[in-house]
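Both complexes below contain chain A, partnered by chain B and then by chain C.
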Partner chain A sequence: MSELLASALPSRARMRRTAPAVVSAVALAAMVAVCASLQSDVLSVGGLTLVLSATVPLVIAAQAQMTLMSVGDIDLGIGTFVGLVTVVSATTLVTSPLLGVLTLAGLIAAYAVLGALIHLRRVPSLIATLGASFVWLGLGLFILPTPGGSTPEWLASFGSWAPAGFPAPLLPILVVSLVVYLLSSRSGLGVRMRGLGSNPVALERAGMRPLASRVIAYTMAGALGVLSGLVLASQTGGGDVSSATSYQLMTVAAVILGGGSFFGGSAVPWGVAIGGVTLGLVSVVLSLLDVPSNMQSAVQGVIVLAVLAGRVVVGKVLR
Partner chain B sequence: MDNRGPRAGEPVVIAKGVTKTYGRTRALTGVDLEVRAGEVLGLVGHNGAGKSTLMRVLAGLEACDEGAVLVHGNEVSGAAGPRAENFRAVRMAYQETSLCPDLTVAENIWVSSRHCLPRLGWRRAASDAVRRRLDEMFPGHGVTPRDRVEDLSLAQRQMVEITRASLVDRLDLLILDEPTESLGPDAARSLYDYVRTLTAAGTAVLLISHRIREVLSVADRVAVLRDGAVTAERFAEGLGEQDVLELMGAHVAVPSDRERTAARAAGDGADRPVVAELRGATGPGLREVSLRVGAGEVVGLAGLAGQGQQEVLERLWRPVRRDTTVVGTRAYVPGDRQRSGVLPLWSVAENLIVTAMRGLARQGLRRPAEERAAVGDWVERLAIRGGADAGITELSGGNQQKVIVARAFASTAELVLLDDPFRGVDVHTKTDLYGLIRQEAAQGRSVVWYSSENAEMAHCDRVYVFRAGRVVAELVGEEISEERIIAVSFAESESDGEQSNE
Partner chain C sequence: MNIRAIVSRPWIWGFAAAVLVWAIIMAISGQGGGQTVSLALSLAPYLVVVGLGQMLVITAGPGNIDVSVASIISLAGFVSVGVAASTGSATVGILAGIGVGVLVATISTVAILGLSVPPIIATLAAGLVASSVTLSLANGFTAVPDPGLRQLLNVRPAGIPVLAVAVAALTGLVIVLLRRTVYGRSLLAVGQNRRAAERAGIPVARVIATTYLVSGALAGLTGALLAAYIAPSADLGTRYLLDSVAVVVIGGTLISGGRAVPVGVWGAGLFFILLDGLVNLVGWSTAAQNLLKGGLVLFVLFLAGGGDRAGGTASRFRRRPRPAAATTTTTGDNTHG
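And now, the complex of A and B:
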């Protein structure tokens, strides 16, 4: 009987790996419950749309971060990169759509080049992406010195899209997470990337080029960063290069909350989606609780630390 | 079993006068070797004989400096690496495995055998292939293709690694590097059964192992590698363990018990106060290890690399367990000076004095004059080129090593632990440092010294030889010789059968 039970339950190793995401999910449920008790409208379609919409660009940017963390790198430039994309989509993309699209493609290519440089010059990714973040910032300020502009119509209509049956922000979160899951966990490309983060020597012995793996990961991260920027622009209706600077570290926190690791090798797209939404909801909860806005950052940090501590405790218990 | 013995197959891989030099060390000095289709060739040799370098060259992972490697009679430049079409049918199972721990078993198979798998549905194809091959090679393995490698036991990882190497559409040569090191006896037996079915189908197998009995029971021919060259090639038929040990340069005579006790009474320092002691220490990598270090004694830890010597140093450095007693302070000299030895931005003086600083300081304040004097003294004593003010990275490797050793001895530590510190150091430096060790021991310091170079053990008062985490011999005084150490570190004792049953 106990054997039957053991085979039905997920293995201990599997439980250990999913534990962080489960802890985040519990925290998420707790926060939704708190929100609902304070303001019962939160649970309606409209309420959920409102609450979730701010988390969409964060989740997508966190997927970009997760892609790079799966090869063992960390991206400290993703926030300003997303900001730069909002600037491009509020200016060039409106005035000359073709040039705008080319610019965005060029930004993705720049990420690929950045990955190649990091690999070939053996620069720590932390330093290189931090340096790149200043480049993104400078470019953004050059194009649009003060926040403003307006987004193309199609983007704006996506931002205000409100289907009747379900909260609209759920769709992009699920679709992007599914695509990232298929690419990073189910495809050969994903195996290449995770293999690089896990054991580059084995990859090389098998005749694969680590450079190619890293460039693929950076390209994917760049594409997700562009997507995140477009979504953010659709919501704010304008461009601001510093609108997403908080993503720099929030995305890392989302990946860690979702069960990722700093050492590379693992891809946890669903965990990242949960972690990103959890992080995004913290500020909503705090607003509903009437926490003074100048205290919010500090309280937000404490909540993140508490969830991370919960992850560590659960990890110890399951070991 | 009947069809074993000499068989004249066509040569699959030939090495002709292959040499390979890493910096100052000559790993291979001219290897001639031929592996023929349908045979098992056993390769034996001691630490640093060049086994792993030769394997890397034969598997096409590295280019050789001189000479040539021929696969099926075609000369191939090793620089092309395993991507070259030629080496695709040469596969190697590594001792330390070449699996990605975060990936599943099936994904690891895809990484190494993707050209034999369909583009779509590779996951299923890889899973089926690996499950079938594992069942064939290691019945009762308990591995499923969806398991992540990091969740497998050491033995299971080894099984997956060997299976990974064997999974390819065409296999001409399979190189097995210490395949049974972490396998239990049953798994080893079924592996060798499978090896025989492979050779019957015409595949060549190159088996590297330090378990000589095992090599003799499986191989058709045995090649002995010594100082970077093949010094002997024999048919395994009729060859005994002792013969192979002699070919490797071992001195096999075992001293009688009486001799041993006499030697022990004379020179093992039983009268000396004990500085450090391990009593039946057991743990990861260690089994029932008991050893004793007396004051003013130089104790050597010898044997093949990775048999528990470093674990002993670790225990002595952090004596947290009850079975370990260490009196007084300790200093540690790491072997990997680049990673854990030098402080690269500091000068020679700062690197040298960093451990002694506290002892010299008064009330928490450093005393520069005393520090300078101590540094000057050591720089002169060990003739460190460049002087005290040079940057540590401006020094040659040998001189850096002198600084690191001096750092340990400059402290007031009563016990100095040396973790194979003289690898790749030139002869002059070594002689200087051996002298230093003896001098310091004469003044009452104790030294525990792990070395992969058996010749160095001659400078010790007492040597413990390790094998699979056990002390298999304790050599004292006159008994310590390179030949004896080789003999005892290879000779298989009765207890070997159950050694790695995890």
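And now, the complex of A and C:
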């Protein structure tokens, strides 16, 4: 494995950085291969569209999680936040579009304020976002006590958009990952965020304000969360505050699968896209294999552990 | 005014909040407060037991959290009721519940230490496995909780539930464990600075393993008792994931690790239970309940502040601080005494 990688990639350091994503990519390829062998239609455009569509909101939410993890924080409220966005888009955005847009902008601002408070009061993001998740849930239930509502026309037409020749869900995944890549890896903003994650003292000595970095990261995460919620609403055709609760931990798993770390300082948008799609495909494989729905979450957990174990092994070989 | 000086007795806030809510309940309902306290004391112990386990895990330092407690509680509930029904002994049932907790925690521990999987993912995966088993067990589950145990849990001489006394004793045990035993001291040392603890010759891996196993065992115990008190169900433990973390935070345990406040878990536990009672009394919707709960956690969190580390929150999630951050960490720990 290591010789194979060495010939394909330039430097050892780069290799170490990309190896986790390579492991996830192998897992993804294996997952697609299994899908295809079970059901050959999966490899057609229609099949891929069907299989991939469920992973789009997860990948976008995982990019939000990745942004926060790059500054060393974790967001346990992203699942309910995405749910709250679906609720807003199913109610306010339909009845009075302007108010709906303002509400969504307000939610992004709330994320920025949360980030600022987390920084200023020096509280752990894990707990603060856990508390915030209650607030998102409460707000969502307040607006729409039971799942329902409708979808704005433009959003619904996006959800049912099916171009010929390539699977439509691939486009949002690639575009969002590209934008996050440009922002987090190829811009000054990204340097600030990753700097905060890897060495806040150095960031401060370099004359940049850690507070600003954190607020930027939270704003970006909030915006991605809103986007994820809109995409989810376009697919489900309604709002449900608890429709994305599993994202809380799935997004973290996707980031880790994609090569991110809990200790901040790294941004891996492409890895996250691979990790998110892999996790999404796991459930497809399981249903194709006729695994009883009871056992699906167990298998999902075991697969996550197995991929992570693979990462550890590859990491040891490289070191 | 220096916030640090006020928070020098961090456990006091949970109790203060509990008393405040109790007073509000009395004012609204206009009835004697004794009944309310008695009811709170019979519900809080379950939350306190699982909270104590979560507290130990969080004390083990940055990044440590046990998100499998909810699934363990649900699973242990079914297993203990099932075992108690088939063996006819409630004690064996409780032991089976604890055993299930330890078993699930073993999966997490192996993943954390053997595969270097971050705790949140390891416990999540173990929890997923547990919840799958729970769903399989729940299918066609007919056994009923042991009537003797249920009666025991409902015994309240002089208004004080037996279980509350037992859990108070357990809390005392945890305090002694943390203050007087090698394990407890090691856990605090690992939580304050894992690297320094390693260099000092503390078997860090063993301490971390013990901590997760204890948390699993306590969650299993909670599940066994809760299932006997209420009834086993697949979502028996759901609320305990968020609540167990919340009572630890509100209780004053240092969230960055290294300082545990077992008594605070009691204060915060009572506060949460009384708050539930108040919200039910007023007849607020679930939406308002969640808003209130979340707002309170955030309020307490931002009011108390995260402590003294100059590095900000980022340094807390790093297992091995770099030199610059390490110096600030040391000064931070000194202020805790």
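We adopt the following convention: the second predicted complex is superposed on the first by the 310 of 319 C-alpha atoms of A that agree within 3 Å, B and C clash if a C-alpha of one lies under 4 Å from a C-alpha of the other, contacts with A are read in each partner's own complex, and residues count from 1 in each chain.
Operating definition for what follows: a residue touches a chain if its C-beta (ideal position, glycine included) is under 8 Å from a C-beta of that chain, and two chains touch if they have at least 3 such contacts.
Just so you know, these numbers come straight off a predicted model, no measurement behind them.
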{"item": "Which superposed partner A:Val94 touches (first chain B, second chain C, both, neither)", "value": "neither"}
{"item": "Touched partner set for A:Asp73, first chain B, second chain C, both or neither", "value": "second"}
{"item": "Contacts of A:Gly195 with chain B and chain C, given as first, second, both or neither", "value": "first"}
{"item": "Per-residue contact with chain A, leading partner among chain C and chain B", "value": "C"}
{"item": "Touching partner for A:Ser266 - first (chain B), second (chain C), both, neither", "value": "first"}
{"item": "Contacts of A:Val135 with chain B and chain C, given as first, second, both or neither", "value": "second"}
{"item": "Residues of chain A contacting chain B in one complex and chain C in the other", "value": "197, 199, 201-202, 264"}
{"item": "Residues of chain C defined as touching chain A within the complex", "value": "63, 65, 67, 111, 115-118, 120-122, 124-129, 131-133, 135-136, 139, 242, 245-246, 249, 255-256, 285-298, 301-302, 304-307, 309-319, 322, 324-325, 328"}
{"item": "Sites on chain A touched by chain C in the complex", "value": "71-74, 117-119, 121-128, 130-142, 145, 196-197, 199-202, 210, 214, 249, 252-253, 256, 262-264, 292-302, 304-305, 308-309, 312"}
{"item": "Chain A-facing residues of chain B, complex", "value": "61, 81-83, 94, 98-103, 107-108, 110-112, 114, 122-123, 147-148, 150-151"}
{"item": "Residues on chain A engaged by chain B in the complex (per definition of touch)", "value": "11, 13, 186, 188, 191-192, 194-195, 197-199, 201-203, 205-208, 264-266"}
